[in-house]
Structures are given as C-alpha cells and as structure tokens.
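To start, the structure under review is shown below, and the notes come after it.
All chains are identified by letter, namely A, B and C, in their written order; residue positions are counted from 1 within each chain.
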Amino acid sequence: MELTLKKRKRNTIIPGFSLTLGYTMLYLSIIVLLPLSMIFFNTFSMSWSEFFETISHPRAVASYRLTLSTALAAGLMNVVFGTIIAWVLVRYQFPGKRIVDGLVDLPFALPTAVAGIALATLYAPNGWIGQFFDFKIAYTPLGIIIALTFIGLPFVVRTVQPVLQNLGIEIEEASASLGANRLQTFFKVIFPELIPAVITGFSLAFARALGEYGSVVFIAGNMPMETEITPLIIMTKLEQYDYAGATAIATVMLVASFIFLLIINIIQWYTNRKFNQF
Amino acid sequence: MSIQVQNVSKMFGSFQALNNVSIDIESGELIALLGPSGSGKTTLLRILAGLEGLDEGAILFDGHNITNVSPKERKIGFVFQHYALFRHMTVFDNVAYGLKVRPRKERPSKEEIAKKVNDLLALVKLENLADRYPSQLSGGQRQRVALARALAVEPKVLLLDEPFGALDAKVRKELRRWLRKLHNEFHVTSIFVTHDQEEALDVANRIIVMNNGKIEQVGTPEEVYEQPNSPFVYDFLGNVNLFKGRLHNGKLTHGQFEINVPTHLDSHDDAIGYVRPHDIHIEKENSNNDTVAATIVHIHLLGPIVQIELKREDIDEYLEAEVTKEHYRELGIKKGDVVYIRPKQLKVFVPEDFSI
Amino acid sequence: MTKSFEAQPEAPLTVNRTATKSYALQESALIKWTFITISLLFLSLFLILPLVSIFVTALEKGWETYIASITHPDALSAIKLTLTVVLIVVPLNAIFGIAAAWVITKFSFKGKNLLITLIDLPFAISPVIAGLIFILLFGAQGLFGEWLYQNDIQIVFAIPGIVIATLFVTFPFVARELIPLMQMQGITEEEASISLGASGFKTFFLVTLPNIKWGLLYGLILCNARTIGEFGAVSVVSGHIRGMTNTMPLHIEILYNEYQFTAAFAVASLMSLLAIITIVIKNFIEWKAEKS
C-alpha cells in the first residue's frame, strides 16, 4: 500500500497529514494487523494433514453447518421483520412510537451475556415464553436462531429506515398517477429502492451472527454435533490449551467471513451500478 | 498590492487545470476571472490564496515571490463559494475569528476586536444580526458575513470565489453594486471568479477570460465585449450568430451571402463569421442585393430590446437579431413576415484561430 | 451560445405535503394495524420481554438479596475492573478515531479505501477470534510469550490482556461515526480558518471539533456500551480469576453457571440500566444533532 499524497508538491493547506496518517497506521498495526497476522502465522506451524484433520473433524463440520444455517435463518428473520419494523416506524403514527424506535437499539447497547441469560431463561421449557410451546426452544438450534435474531435486529432496521425516510414521496405519487395500485407501487417502486439497504442490513446481521458467542452460549445447550457453534469449538480447544487446533478452526472462520464480505461487496457493487445507471 | 502570476501550471492527476498562465494585476484593480466550469479560474484563485500548490511558475505580491509562503502569511482575504461560515459560531464570532486566532502578542485586545467587528458589521449592514447563527441568515446575509470576515484581517488582496453564484437574481444585482462600492471605498486589490458574463461585465474594471486552463483575453469590459480576440471569447460573452462559410478573394460565402472581409484577403479556407444579434440589419424591402430573405419565426417583446428569431430562406438556418423597440415599431414587422437581412459588422476567424 | 441563467426568486407558495396526502398513497387501516401489530409482537418477544424478565428475576427475592448481590465484593471488583477498562479503552479509541477520520476525510491519498476497509476489519471478526489472537501473541507459547515471561510481564489472563482485546473489538466505533460525518462537512471551513491565519491545532479545536462533537459523542457512547458489554474476547483472555480479572459480563456468566440466578440477574439488571441510559443518551444526541 502506497500511502503518499497524490501530488508530491503541497496540494492542500490542511495540516497534519503525516501526523495523523502515521498515528493511524501505527495504532492499526499494533491493535489489529499484527495480532491478526498471528492466525496465519500459527496456522503455518501445523502440517497440512494436521490442519486438514482438525478442520474436517465431524464435530467441527457439524458446527460449521449449524453456525451457517442459524446465522442465515436469523438474517432472513431480520430481513422480513426488520423491514416491516422500519416501515412501521417511518410511515405510521401510533402511541409509544418513540420508545419503540429507541428500543430497537437495545441489542447494540445490551451486553451479549445479559441478553444470553435473559433469552435462555425466557425460552427455557419452564420459562415465561417456553412454557407455551410443546417443543423445546432453548437448548436447540431454534434457541440459537432466537439469540442471533436478537443480536442482528438493529442492523436491518437501522439501514432500511433512513432509506425509507429519504425516499421522496414524489415517486410514489408518480406511480399512483400512472395508475398503479398500492401493492404495485410497493413492489415495483418502493421495494427496489430498498434492496441495497436490505442487503447491507442482512450482511451486517449475518456477519455478526457468524461470530457471535456471548448471547448464544447460554441458550444453545452446547451439545457436540447438535448445538455447538464454531466459536464455541474454538473456546473449548483454548480451554484444553490446544492453541493449534483453535487457530485452525479460526482460520476457517476468518476465510469464510472474508469470502462472505467479498461476495456481499460484489453484490453491492452490482446493485449500485444497476441502480445508478441513469 | 500588485500581483504577478508568472508562467503558472497546475495538473490534477492527468487533467491540466492551468497551462502556463501569466497575468499582471495592478494595485487596486477589480478583476473578474471569467470562464466556463473547468476553465481553471477557481484553481488560479485558490493558488493565489495559497489554498492550492502549483506545479510550475511563481506568484509575486508587490514584486516579492510568495509562491511558497503559507496562506496565513499572504495577507489575503478569501471569500468561499458557499461562504464556508463556521456554522457553530455566531455572526460576531465568525467575523472576529481571524483576529482571535492570532498569536497572543499580535492579537488585539478584546475591546479592539469588538470594536473592529462591530464596525465591519455596520459596514455590511448586519449590526443587528451579530448574535445570529449562519443557519438563521439568508443567502445574501451570509455572503456579507463572509465578506466582513475576510475583511477583518485587513487583507491586501481580496479573493472571491463565485461570490454571487448561489443567490437569486435580485439579491445578486444588489450585492454586485455593493461590492463595487466597497471596492471604491477600500481600494483593496480584488479578484473574483465568475462564470456569468453579465456579472463580469457589470462589476469588474478588467476581465480575464479563461478557457481550458489558459487565458483567452485580458481587457476592460468594453474591449472583451467589443473586440473579442478569439471565437471562444465571442461565443462566451453575449449571444452570437455563426456564419459558417468559405473565404475566397476576401469574401465570405455563406448561403447567398457574399460578405466582404478585408482582413482576410489571402485566405482561401473554411471560416466562421461571428455576428452579434444587434449587428444584424433588418429591412422590409429588398433595397440592395447584399441581403438575404428570412422569415420571422418568433418575436420576443420584453423590455426595451426586441429579440427576433429568423429562419433564412436560402439555407436551413436560424438567426437571432435584436433591435430597439423604436426601430421595431418603425419597421412594422410581425411574425410570419419575410424580411431582408444583412450583417452590419462581422468578425471572421479561420480554423487556426480556433480553440473551441 | 452562452446566456446567464437568472434564478427566479423563490415562489411564496408552499404546499403542505402531509395535509394533502392523497388516498392513493395510503394503505388501508387494516394493513396498517396488521403491520404495527406484527412489529410490536415481534419486538415484545425479542426485546421487551427479555428486558422485563431481567428486572423481574433480579428482584424476585426482594430488595435485600438484590442489594446484597450487587454489593458482593466479587461484584464490586468486577464493576471496578469494567470501569477501569472503559477509562483506558474509550479515550484511546477516540484519539485513534479522530486521527483516522482526519486523515481519511481531509486528504486524498492512494490506498485510502484499503485503509477504510482495514479499520472496519474488527467488526467482521468473531470476538472469540479477537481473544485468540492475543493469546497467540502474548500467551505462554505465543510470539512474545518467552520474552514476557523472562521480564515478568503478564498480559493474557490479566488486566492488560482484557484491555487490549477490548481495544481490538471496539476499534472501529469512533472512526466509523466520524468518517461519514466529516466527509459530508468537507474541508472548506478548515480552509477558511487557515486562510484567516489560524494554526492547525487552533483550526481543529475551534472549527472541526465543535462541528463533530455530536458525532464524536455518539461514537463514544457506542464504543463505551460495547466496551462494558464485551464478552467473547474478554472471556478468552481473562483467565476468569474472581475478584481479579472478572469483568461484569464474566461475573454474570460465573454466577449463572453456578445457578445463582438471582445474583446473576441482579448484576445483569445493572448492566441493563446502563444500556437503557445509553439508548436515552443516544437518542438525545440524535435529537441534538438534528437540531443543530
């Protein structure tokens, strides 16, 4: 990365370029880059077969499947309900709206461990909510989905909300004046405008869910092969001082997150291009 | 303070913003930098202010090379295009800012600052709004705060970037008059950037016309309007009719027109004649055979000048003419009439003169 | 042909949009209330009930037990440790956030987009991995492990480890709030300040800082909330030593796993109160920022 001012000659009179860039790079390197490079550094200390054996262990593979599927399910839950909530908060007036609006941020503000024990207690078979269901919610993948939905909810709401707010009423008027009914207007005019924001919200929620630990461990039950998420496997290996094994699994997670981010960026780039063409 | 710009060039990436520009400005002048967007006029202004560096050349203030002098030591006052008022400060604090940030030993006392600011606010007629915030002011008022703020540091040069660009027509006229008055009182060398020819012609005592990073023409408003030295300046200042034809034996042929061009006796080439709308002569009867018949398509009858749109009969081209209201009444023409026209005055440029 | 365009003075006629909203732009009341009901039901199940249950469970056995739980020495030392971490982490990340936002928004340079991506990186990484990397760096078998042991410096399973892991996790918060804000504000006010003779530091403190104060505060609040609540990363590096390296969330975990539900929820209720205060401040800031 070449970090020099585009022109060698003084191009701006704003001071502090070297100072702030130097400090930013130094701090970034110490806190993020150097520590993160340890993952790959340590992975290389394993032999290929050891590495492969660790990451393809049935228990690990089961955890990947569980983590991916629950994160996906939670992400989709949030897309549906998050969009509805954003719509309701922007378009309708009802008593208590301001409080509801503020409450949406709760998952950002509430420590994950607190959320975890609260959800586990509520959805346990004898809990306030769990008692009304014939099947178990807590200590099953369903419980994990609930915890991940909780964690991811604000992402979709808070990305869709401003877009809806800024959506000019003119385009809806135009649609109506051209003879579209309300449903057609929503699906043909409003929804396409929301797609980029929905994708962003989903990807943020999904990325967060992939790595989430605090809120999940309490409600998951943590049964190997059934309700053991990947971050928990890393945790277990660490507690057994199996640093190499933990690092190997972490590598898989990191690579998966980066691939996911890459895909999302490509989709974003594609949709932005599509919508900004005129 | 006099200003010399010597062979200044500036690139932004691969874009040549300024190409070997040289200008001499005398102390106390009121200069307009006129040109279309991308012509380099704002870049030149920012280089004069020291807000932008330059690649080649030098800037001299009163004969001293200040090319590498920081903006704070240049003694300039800069009025930004969108005013750049400090939005969290009152009008008073905005104007006082340049005095308050001086190092302690150069800083005037609180009372002196207050007096100075109040004087300036009185000058720009905003003394009652000293406690307002920029967001509570109209565009014209903001512009005046920006001016007062720039004047507070007693600049030797006042630089204004599109000073009236964001204002509505009426306020713009008023501020134009006011800027001229201010300049007459203070006699500080002032340079303003504009893309509006009318503004430049109205306010400045000298105009620098710029295009593609170069200077096209420098002169008084009369000079650049009456004697444009390039097709670009002709086109940019005021409306113009183009006669795209061929030169032959000192005559420009265009449709049935054969116009004598004594300036280009030896050229035998494609050329374009430039005719201002008020230089188109209109008559009802064909008195002379140097005229061409044209149909009146539209008459625009607003104000003392009547604009007439004409369609030529010989070739498929439109022309615009302007006559005074009296002359229009004398002619007694109406839409659909066929009249006879000829250019009273025409300036010809052959392609090598071209830069558009 | 160039002719100046004279802008028309603003028309005095204004249309009240909301008042004239036509029938075609509204859904039927049935749809409206269905949506509102769905939203409220969903939020009740996922947000409101959990929040209420925390306080109810915490107070189940009365005020005395509640007070006893939160004044237990282990709880108090957890609170103290969490506050210590906040006091170190939040200012450090704030300074970084300001520096990073300054360099990114006030200058153009190659690699800027890469830099922005790298700043966001910790958001894409599981907190457990965030903890792991510091074990790999400073743990007994880590890169610096031997050297640290010889010099008798303890980082992991001690307070420095908790601080540095939390620094990593909350790294982007302030920068992320400031970058778009400062991007929007541009650089003309700073240019004006400097053309009027102010120094770089004066320009920052007199012009930039007042303009970004709400955004900065917003970032600080979010950074603070996450610092207080961080669980995964801290859990990895802390070593869970009671009264020593237990932050509030870790203390809750221990109590919960020991079936001391009331005590766990008592500490949890304290943290929930902090969360509610955070949300109130956040909304206040948003309201303030909107007004100014």
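Everything that follows uses one rule, which is that a contact is a pair of C-beta atoms (placed from the backbone, for glycine too) under 8 Å apart; a residue touches a chain by one contact, two chains touch by 3 or more.
In UniProt terms, the chains line up like this: A = Sulfate transport system permease protein CysT; B = Sulfate transport system ATP-binding protein; C = Sulfate transport system permease protein CysW.
Note that the structure is predicted; figures quoted are calculated from it, not measured.
Trainee: Is the chain-to-chain touch network here best called a line, a ring, a star, complete, or other?
Mentor: Its topology is that of a complete graph.
Trainee: When the contacting C-beta pairs are counted for A-C and for A-B, which pair yields the higher total?
Mentor: Result: the pair with more contacts is A-C.
Trainee: Report the inter-chain centroid distance for subunit B and subunit C in whole angstrom, where each centroid is the mean of the CA atoms.
Mentor: Each chain's C-alpha centroid was found; their separation is 51 Å.
Trainee: At what distance in angstrom does the C-alpha mean of subunit C lie from that of subunit A?
Mentor: Chain centres of subunit A and subunit C, defined by C-alpha means, are spaced 15 Å apart.
Trainee: Between subunit A and subunit B, what is the separation of their C-alpha centroids in Å?
Mentor: For subunit A versus subunit B, the centre distance works out to 54 Å.
Trainee: Where in subunit A do residues touch two or more of the other chains?
Mentor: Correct list: 6, 12-13.
Trainee: Among the residues of subunit B, which ones contact at least 2 other chains?
Mentor: 50-51, 71
Trainee: Residue numbers in subunit C touching 2 or more other chains?
Mentor: 191, 194-195, 199
Trainee: Over in the complex, which subunit A residues touch subunit C? Could you list them?
Mentor: Listed in rising order, the residues are 1-6, 12-17, 19-21, 23-24, 27-28, 31-36, 38-39, 41-42, 81, 84-85, 87-89, 92, 94, 98, 100-115, 117-119, 121-122, 128-129, 146, 149-150, 153, 169, 172-173, 176, 182, 207-208, 210-214, 218, 231, 234-235, 238, 243, 246-247, 250, 253-254, 257-258, 261.
Trainee: Given the complex with subunit B, which residues does subunit C contribute to the contact?
Mentor: Against subunit B, subunit C makes touches at 1-4, 6-10, 188-189, 191-199, 202, 206-207, 210-211, 292.
Trainee: Can you list the subunit A residues touching subunit B in their complex?
Mentor: Contacts found on subunit A: 6-7, 9-13.
Trainee: If we count contacts the way the header does, which residues on subunit C are in touch with subunit A in the complex?
Mentor: Within the complex, subunit C touches subunit A at residues 17, 21-22, 24-27, 32, 35-36, 38-40, 42-43, 45-51, 53-54, 57, 95-96, 99-100, 102-103, 106-111, 114-115, 118-119, 121-129, 131-137, 139, 141-143, 164, 167-168, 171, 187, 190-191, 194-195, 199-200, 203-204, 222, 225-226, 228-232, 235-236, 248-250, 252-253, 256, 261, 264-265, 268, 271-272, 274-276, 278-280, 282-283.
Trainee: Which residues, counting only subunit B, touch subunit C once they are in their complex?
Mentor: Per the stated touch rule, the residues are 36, 49-51, 71-72, 76-78, 80, 82, 84-89, 97-98, 101-102, 149-150, 152-153, 167-170, 196-199, 235-237, 239-240.
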